[in-house]
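Everything below concerns the one structure shown next.
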Amino acid sequence: MKETMIYLLERPQLRDPVFIEGLPGIGLVGKLAADHLIQELEAVKFAELYSPHFMHQVLIKKGSIVELMKNEFYYWVNPDEDGRDLIIITGDQQVPPTDSPGHYEVVGKMLDLVQELGVREIITMGGYQVPELQGEPRVLAAVTHEELVEYYKKKLEGCSVEVIWREDEGGAIVGAAGLLLGMGKLRSMYGVSLLGESLGYIVDPKAAKAVLSAVTKILGIEVDMTALEERAKETEEILQKVQEMQRAMLEQGMPQSTQEEEDRGYL
Amino acid sequence: MKETMIYLLERPQLRDPVFIEGLPGIGLVGKLAADHLIQELEAVKFAELYSPHFMHQVLIKKGSIVELMKNEFYYWVNPDEDGRDLIIITGDQQVPPTDSPGHYEVVGKMLDLVQELGVREIITMGGYQVPELQGEPRVLAAVTHEELVEYYKKKLEGCSVEVIWREDEGGAIVGAAGLLLGMGKLRSMYGVSLLGESLGYIVDPKAAKAVLSAVTKILGIEVDMTALEERAKETEEILQKVQEMQRAMLEQGMPQSTQEEEDRGYL
Amino acid sequence: MKETMIYLLERPQLRDPVFIEGLPGIGLVGKLAADHLIQELEAVKFAELYSPHFMHQVLIKKGSIVELMKNEFYYWVNPDEDGRDLIIITGDQQVPPTDSPGHYEVVGKMLDLVQELGVREIITMGGYQVPELQGEPRVLAAVTHEELVEYYKKKLEGCSVEVIWREDEGGAIVGAAGLLLGMGKLRSMYGVSLLGESLGYIVDPKAAKAVLSAVTKILGIEVDMTALEERAKETEEILQKVQEMQRAMLEQGMPQSTQEEEDRGYL
Amino acid sequence: MKETMIYLLERPQLRDPVFIEGLPGIGLVGKLAADHLIQELEAVKFAELYSPHFMHQVLIKKGSIVELMKNEFYYWVNPDEDGRDLIIITGDQQVPPTDSPGHYEVVGKMLDLVQELGVREIITMGGYQVPELQGEPRVLAAVTHEELVEYYKKKLEGCSVEVIWREDEGGAIVGAAGLLLGMGKLRSMYGVSLLGESLGYIVDPKAAKAVLSAVTKILGIEVDMTALEERAKETEEILQKVQEMQRAMLEQGMPQSTQEEEDRGYL
């Protein structure tokens, strides 16, 4: 495998689909939100993305089976005849932060696929680390084009969470949540980044709920949030294990060149 | 050399061959097992794999000669007319853990070769680091497809070592032992990962013996284990030297950019 | 995005243009000088350079909008009929110092563009870190070809800053300021590197002014310097934020592989 | 510049040329030896090798001029009618030790060139770090093919330095000194590695002299060694400066992503 590949399981026909991104990041906010959306909407998986820029390992899944690290695309057909369909991406991981070209490659492949399926609008979800929370987490927003601020403000009217329009010039949005918008813009796509304030603990369902409230308001759909916290707990258990493992492996880093790790699950 | 290359010394005709992997990793478990299998079966080397992702060095071999870092493929023709033949891979090293794309490239090339030779089933061998051993090392197993658990359980009936079917969801199998199964699965191959519990010392012949007991049981062949511990001792001596050298070199890391090391064998 | 790309907004017709480089570096000397030159001359942006070797992030700009990391090309048409036109490059960042091949790729693409537009002469601007300053910062100069020392010395006669012709054999000029000259030389281009002495604080308008004095003297143009210090202050505020963010992110480095950062603006 | 390039200044016609490598490494032993050989034989430069895997910088040379990092090929026509000609490579640096694929690429390009010019035999020179020296430095030798030990032993009869045939199985030869032999072997070339024992100080003319004694004995030529120590002193002065600079730059490493260094010559 020389470059990022997408396995298309099905080629959906979608009406003006919105592309929603929720990959692992701060507090797993984006991933939690995407996973919840997928489950509540009963969205259908139609594509898998594999990349040589992901960790060189397989994960153990239920039933003692192994699977390559991957990202997954789901689609949802809006039952409302006038509504727009969705494409949602979630996954096991993003490219490690030391591999910038890998990030650009993976995000480029994502855009290739969704553009072919008719996507013009992108909403990226994630967390925004803060040292302390005052009340409920707020959602920080930024857009690809200046005129969109008003467009989204109108859609967000009456939203249950506070949305802050970012004025921190020089601030950054790192990883897929940022690159999808930045690179999408070069392809005449537009969209918004919605980041929930989070203390950055491993799994933060409150921030995910805040982000999801804003996203569903923009999309004009309703999603039951009751299962979100429970799902977050399960996720936390699984991911804590993975993370410890990876951290242990990476801390050892270079010295292992002759002794590549097969497994570190017990550490 | 721009990418991983395989030098084919001979093109064997094999009957439904099983591909057995045993490359350096925790406790050198996989490599010890593969080397022992090759010697006891008198398997024949038929291909060498070189990669620009291996360390940029040559190793000193017997007779004052030098050789590039490499992996080696052996085949074994089963004397039993109804039996299946084997392809076994072993080698000097795996790609360093900091180079994920290198891992994917090398494993992809391995699969290209064995798929062309008719391989459908893959068995990967390795070590699994544990903080302490209770009695004999057990073997941890995971498969590419759920239905294989029963398939291998049946074959393992009466096996002298305890085989545990992994339930540690979110756990990982790192390096070739994992990627061969994960990437093979995308090519309609199937197989099992067998990792022997090990304290992770440099060379662990006990874990290798445990893994080999399971592998030979699955394959329905018999292999004398008496030479394994002795061979492990020799390997330990050689590898300890190499490892010290590499560690010394890597610890110095970047600062040497104008003074690349020719040799550090005395350190 | 697999490789560095240039988006051409306009294809200017220029008379024997000189290419002036001022990208982020020590004390932001080069960038400050380039930005000031662009604003005072009212130079026109005509191209943007994007690269997968830049940080995998977008920056927040005025109006809550996001933009990929980029470098920008401006042109200036000399109102003097006998004068030469200019192409000036500035930008958000250079490729990180750990990615040499990325640097060579990006600088190669820059040269492809300006060579096509007729550039033969290159002037690179930057800072030169010194432990202490004695009086006004001096400007250190080096050229692509020996005979150019006299050529530039003549042009610099009467210059208000002291220009030192470098004799520190074995010294280096790192990044675009060096590579543009070194790689340009292989394409029959010629030019000079002008580095202003700087204590290396985040933003150093004094060093930028010194460099700009030498550059404008060489070009035979006049530029008002009064706004330079004020602009430096604004830049400092913005960049301090970005830098803190990036530093925080990079310090965490590898361990975050499953938790890529969406944003660290508050840290 | 996307890959390593060789600029051919002249295409020499050579008689069964031997390829001699002496690039920077431990104690600069190889480079000193190569530089001395070039000067004493008045060898002629005919090619330059540039690589995006070298440091992204230019070096300051005499006359305030800048030059890209490079390696250089020289040829020498043996005045003895029955003698063999030489190709000698020396240079500013090798690829950094963290970039294995870069090493393989650069060495592959070297072999492409010399193979085209008829080279079948390769002699690589370098240092071998030891914690203490007992008497004069010895030279450690290893070959590409077992039968060559006798071949070179015969040629070395009466050599003024002690040559040790390496028996440290599992030891390594890192960088171009190793890869040229390992990769050359795959192209049906043959040769010997000669490493002089060195305490690893920055510049070690004694080790260089020992290696050169063995090399000239093998080649059947005579070279005056008197200028070697003096030249070593000059080299030391220049290189100490460069090295300090690079070390300073690399220690700072990642945090500088927005502030790429233009120059650190004063540090």
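Lettered A, B, C and D in written order, each chain numbered from 1.
Please note the rule applied: a residue touches a chain if its C-beta (ideal position, glycine included) is under 8 Å from a C-beta of that chain, and two chains touch if they have at least 3 such contacts.
Not measured: the values here are computed from a predicted model.
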{"item": "Partner chains that chain B and chain C have in common", "value": "A, D"}
{"item": "Angle, in degrees to the nearest 5, of the Cα rotation that carries chain B onto chain D", "value": "90"}
{"item": "Interface residue identity across copies chain A, chain B - same or different by half", "value": "different"}
{"item": "Distance from chain D to chain C - Cα centre to Cα centre, in angstrom", "value": "35"}
{"item": "Chain centre separation (chain A, chain D; CA means) in Å", "value": "50"}
{"item": "Residues of chain D engaged with two or more neighbouring chains", "value": "55, 96, 239, 242, 246, 250, 253"}
{"item": "Every chain pair in contact, whichever chains are involved", "value": "A-B, A-C, B-D, C-D"}
{"item": "Contact footprint of chain A on chain C as seen in their complex", "value": "1-2, 7, 50, 52-68, 96, 99, 102, 238-239, 241-242, 245-246, 249-250, 252-267"}
{"item": "Residue numbers on chain B that touch chain A, as the complex places them", "value": "3, 23-26, 28-30, 55, 92-98, 100-101, 103-105, 107-108, 126-131, 140-146, 149, 165-179, 181-183, 185-186, 193, 195, 202, 239, 242-243, 246-247, 250-251, 253"}
